[in-house]
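Quick heads-up: structures coming right below.
Each of the next two complexes has chain A plus one other chain: chain B in the first, chain C in the second.
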Partner chain A sequence: MISIQLLLLIVLGLVAIWFGWRVFMTSSMVRSALSLMASMIAIGGLFLVMEAEFLGVLQIMMMGTEMSIMAIFMMMYMMDPGGLGEMDMSHQKNLSITGAVIISLLIGGATLIIDWGPIAVNIPGPHEQNRLLGLEILERSMMIFETAGFTILTGMIAAIAVALSVKNKRN
Partner chain B sequence: MIIGILITLFFLAGIYFVAVLERWSLSGTMQWSSPVRSLLRLFIQEEIKPRKHDSIFFEAAPVFFIAVILLTISILPFGEGLVLIDLGTGALFINAALVYVMVCLLMAGWSVNGVYGMIGGWRALAQLIAYSMTVVMVLTATVMRAESMFLPDIIESQQSLWNILYQPIGFILFYLSAMAIAFLPPFDLPTAESELAGGVWADFTGIRKLLFRLGRLALILTLSVAVVVLYMGGWLGPWLPGYVWIFLKTLLVAASFFAVGRFVPRIRQDHLLEYHWKFGIPLALFNIFLVGGLLII
Partner chain C sequence: MELLLTALAIGLVLFGIGLYGALSQTNLVMIMMGIELMLGAAMINLVAFWRYLHPESFSIQMFVLVAMTVMALEGAVGFAIATQRFRTSGTVEMEESADLKG
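Now for the complex of A and B:
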């Protein structure tokens, strides 16, 4: 008996894989970046289907911004961003195919070997999930999150400082 | 049921009112028939497709634009218990959905294979990334006060004092960011008429342009509802029923957006980003610190 939840899970998983494949099958940089975004949104959808609401919404929010930024950088650095000039996105085909097959087999094997434990029956409501996530961040994982947060803040300040110096020189 | 229909009618009227105000912000006169005229004109306008346009994005961008805004509307409460989808992460979802306004503008700007459109699209990217950062930071402060990301809980937390008075810095930042996200004047850089001849929308005509224009009007109204819910007490108010209060406050906020836009000149792109990254984000962080302090006291 396949429930709607499982069906959605399968469909979204396939959507994620399909868009992941589209990333390399197009020559337009913006199409490529937005395909990756669509793949990531499908993964956000997977979180939502699995009732991890906060993670799903966060994934969808972050990926929208990140992939748009990636789009502009890909467009700036590629010599043929629109893909109008017969450019091929794929390189070292034999090596990549071998690598992809080996890694897929490893990951597929790992998912079968690992003992995932019992399936969660009582899923806490969204409000409770948010609270538990907050407690997790402030207890066991505090060091990791503080380090990451501090690094990002430093990066932001550094970026603003770098942007300032050009202006000062002009004055 | 009846209340639902009533609210829908209210908001359709609201969109009409916003359209009239948009016209007023450009011409200075209230032309009550102008939205109908624009609608009819765009319906019969010839649909021009630019040479070598990106067909997928060209067709998808206007539809996605309006879809994203409808998603945002679906999670906002329009009265006590009158919310379509009561998300446990409602406050975060507002920003998550609005990020895709930027993606749609980017798609639209890129798809037309034209210089004005593309510059408009990249401008929209820079502007909306900058301002969605502030939005998420000031949202954090409202969530801190309510101790919940449910939007109805955020309204209930303002029972004693509205957030507009409790965290005025947050309100000002959210208000300005909302204007920037809806690219209203003076932040209308992606579609600047006098610089880019319409920017992102320059090459869209007919029904596609109509979808963009309608989507923008709905976006302005949606952001006004968000301002009301987060900072102006939502349905809280004496005598009248809650949904009437939300509607009246929303119209007031939407009108104030246009009033600001009419009398302030368009801001320069580098100033826009500079003010935001150098003053907006530090102020938003300070706001979190301040609200945290107030909550502990």
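Now for the complex of A and C:
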């Protein structure tokens, strides 16, 4: 008997995998970006199915925005964003497939060998989860959270510095 | 157990697809898309570990937040590099970036 949670996991997982695969199988860059957005939203759906409500909503909101921006960059920087020329933008395909399959097999093998122990049945409700995550962030993981914030600030400054026009730098 | 293994299997396949994309694509933005998929797969695994193994440990959810931060940063810095690369050479094709060698 398949539970509803397992059924939803399989359906959303297949959606995420299908759109993830489509990212590299279309010659249209815009379709690639939108496929990645669909895949990421399906991953957010998987979080919701696994009852991590806060992370699921956060993932959907963040990735919806990020992938929309990515689609705009794709159109800016590609000579053929619509893929009308059917241009192939890949190299070392056999090596890539072999590498991906070998790594996947190694991880899959490790997954099957490991004894995962007892499976948890009861988890805190959404309200309690948010409270406990807030406490985790502001108590034990405070330093990590602060470091993440500082890293974002550093990344923003680095991104602006890198993207500055060469002309302006010389002037 | 089948719920945990299903989630891990989904993460595994997505990681494999992302790795293939990161290795095989010649365009910088497409390589970034591959990396995003791999990070997404890692996040699925983390949430599955939290949900099915240690729902009492919220440091795992914290780890997912850090992974999301890494995704956002990778996007920001990657696009900045793409912008500068496009300005200097008119393309973001990595095969034409041999001039970056010292």
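Here, the second predicted complex is superposed on the first by the 149 of 171 C-alpha atoms of A that agree within 3 Å, B and C clash if a C-alpha of one lies under 4 Å from a C-alpha of the other, contacts with A are read in each partner's own complex, and residues count from 1 in each chain.
Note that in this section a residue touches a chain if its C-beta (ideal position, glycine included) is under 8 Å from a C-beta of that chain, and two chains touch if they have at least 3 such contacts.
Everything numeric here is computed off the predicted structure, so don't read it as measured data.
K.L.:
Taking chain A as the common reference for superposition, should the pair chain B and chain C be classed as clashing or as fitting?
P.N.:
fit
K.L.:
Look at A:101 in the shared chain and tell me whether it touches chain B only, chain C only, both, or neither; answer first, second, both or neither.
P.N.:
The second partner, chain C, only.
K.L.:
After the superposition on A, what does A:43 contact: first (chain B), second (chain C), both or neither?
P.N.:
Second partner only, chain C.
K.L.:
Of the two partner chains, chain B (first) and chain C (second), which one does A:7 touch, if any: first, second, both, or neither?
P.N.:
After superposing on A, A:7 lies clear of both chain B and chain C.
K.L.:
In the superposed arrangement, does A:111 touch chain B (first), chain C (second), both or neither?
P.N.:
In the superposition, A:111 touches chain C alone.
K.L.:
Touching A:142, do we find chain B (first), chain C (second), both, or neither?
P.N.:
Neither chain B nor chain C is touched by A:142.
K.L.:
A:68 in the overlay: touching chain B, chain C, both, or neither? Say first, second, both or neither.
P.N.:
Only chain B; A:68 stays clear of chain C.
K.L.:
Does the superposition put A:160 against chain B (first), chain C (second), both, or neither?
P.N.:
both
K.L.:
Tell me which of chain B and chain C touches more residues of chain A.
P.N.:
Chain A has more residues touched by C than by the other partner.
K.L.:
Could you look at A:58 and tell me whether it touches chain B, chain C, both or neither (first, second, both, neither)?
P.N.:
After superposition on chain A, A:58 lies in contact with both partners, chain B and chain C.
K.L.:
For the combined overlay, can you note the least CA distance between chain B and chain C, rounded to whole Å?
P.N.:
Minimum over all C-alpha pairs: 13 Å.
K.L.:
Can you pull the chain A residues that chain B and chain C both touch?
P.N.:
On chain A, the residues that contact chain B in one structure and chain C in the other are 54, 58, 69, 129, 156, 160, 163.
K.L.:
Can you list the residues on chain A that touch chain B in the complex?
P.N.:
Chain A reaches chain B through residues 28, 30-31, 34, 37, 53-54, 57-58, 60-61, 64-65, 67-69, 71-72, 82, 84, 125-127, 129-130, 156, 160, 163-164.
K.L.:
Show which residues of chain C lie in contact with chain A when the two form their complex.
P.N.:
1-10, 12-21, 23-27, 29-30, 32-34, 36-37, 40, 43-44, 47-48, 50-55, 58-59, 61-62, 64-66, 68-69, 71-73, 75-77, 79-84, 86-88, 91-93, 95
K.L.:
Which positions of chain B touch chain A when the two form their complex?
P.N.:
It comes out as residues 52, 54, 56-57, 87-89, 92-93, 95-96, 99-100, 102-103, 106-107, 110, 113, 122, 125, 129, 132, 136, 148-150, 274, 277-278, 281.
K.L.:
Given the complex with chain C, which residues does chain A contribute to the contact?
P.N.:
3, 5-6, 9-10, 13, 16-17, 20-21, 23-24, 29, 32-33, 36, 39-40, 43, 46-47, 50-52, 54-55, 58-59, 62, 66, 69-70, 73-74, 76-79, 89-93, 95-97, 99-101, 103-104, 107-108, 111, 116-117, 119-120, 122-124, 129, 132-133, 135-137, 140-141, 144-145, 148, 151-152, 155-156, 158-160, 162-163, 165-166
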